[in-house]
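We call the chains A, B and C, going by the order they appear; numbering starts again at 1 in every chain.
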Amino acid sequence: MELVYLTILLALLQYAFMAALVGRARGKYGVHAPATTGHPDFERVNRVHLNTLENLVLFIPGVLIFAVYVNAAWAAGLGFLFVVARAVYAVGYLKAADKRGVGAGLTGLVNMVLLLGALIGLVLTVV
Amino acid sequence: MELVYLTILLALLQYAFMAALVGRARGKYGVHAPATTGHPDFERVNRVHLNTLENLVLFIPGVLIFAVYVNAAWAAGLGFLFVVARAVYAVGYLKAADKRGVGAGLTGLVNMVLLLGALIGLVLTVV
Amino acid sequence: MELVYLTILLALLQYAFMAALVGRARGKYGVHAPATTGHPDFERVNRVHLNTLENLVLFIPGVLIFAVYVNAAWAAGLGFLFVVARAVYAVGYLKAADKRGVGAGLTGLVNMVLLLGALIGLVLTVV
């Protein structure tokens, strides 16, 4: 399980780094708190952070239940793929909004494999 | 505990479905990323998704600690009720903003029973 | 571990209280759902809630992995500090946007100690 926890920590540190980018972008684009809109370049940085939050809430329970009821090594591999997918998403989206598709799709694919795999593994264990 | 994990997975799959509705609504109402405002019908779909995120962060740790320190079967029952509450919330809110009250209230009730129950169960175990 | 779970529950109850403040502020400042902008006083209440959500997703897995791979008593202490940091953040930010710095900095410090400590503890256990 340690490798699974490691992927969770890496995903969280990556997400904390995105939060730091939002803070820097506030100054750079003059979007002062509490506003979260006002400059499209700021809004893309902000959406990278928030979309990652939205996906972490699927990823963390998903990867843990998958690890217990399917396979911990596969869970860790999918976990590393999640971190890669979020990096691809961030790099694309920070360039332009229409370059976020590949990373978003890969993130969604990893999360669906984890959640549906966990569901199947759980049901097969109980039945 | 398997039934508790099952309710968590169902709640997460329901939440992933709401995320897909947001993606579809972007096209339907012409709200292009990174914007999250601009059409009230889009904004209601988006708020269904985000309010569910806000509540999942209470639900998941709450139902797990409740299961361990109070009762796992009751935790699973409350977990299924959480999923029902979010469906009621979504169906109501997608019709009109003032039809979100019943689902929101039921969600809040389930989460408060889980969190306060978990707190009482935990304190009674330690004392 | 019970004290660690206790800090998680306290942080979640504090966060649920912030959600209730957002609901009250909707009526007080006339910001009707699904809008989340329109009055700067409402927006500060809303950002207190959402920034806490953003930080809970770092805190909860961080404090749990830190407790297992570093030290549970230190994890509980840092967990109580997280709750204090969020209270300082909320009280400051509800007064004025530029008074959120101390609470935000303390929150970030606690989360970084938890995440980096957990990472080091985990790696030292595996190696």
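Rule of thumb we're sticking to: a contact is a pair of C-beta atoms (placed from the backbone, for glycine too) under 8 Å apart; a residue touches a chain by one contact, two chains touch by 3 or more.
Just so it is clear, the model here is predicted, and its values are computed rather than measured.
Summary of the copy comparison: rotating subunit B onto subunit C for the best CA superposition needs 120 degrees, to the nearest 5.
At the interface between subunit A and subunit C, under half of the residue numbers appear on both sides, which makes the contact a different-residue one. Subunit A and subunit C have Cα centroids lying 19 Å from one another. Touching two or more other chains at once are residues 37, 53, 57 of subunit C.
Residues of subunit C touching subunit A in their complex: 37, 40, 43-44, 46-47, 53-54, 57-58, 61-62, 65, 69, 93, 97, 100, 111-112, 115-116, 118-119, 122-123, 125-126. Within the complex formed with subunit A, the subunit B residues making contact are 2-3, 5-6, 8-9, 12-13, 15-16, 19, 32-37, 49-50, 53, 56-57, 60.
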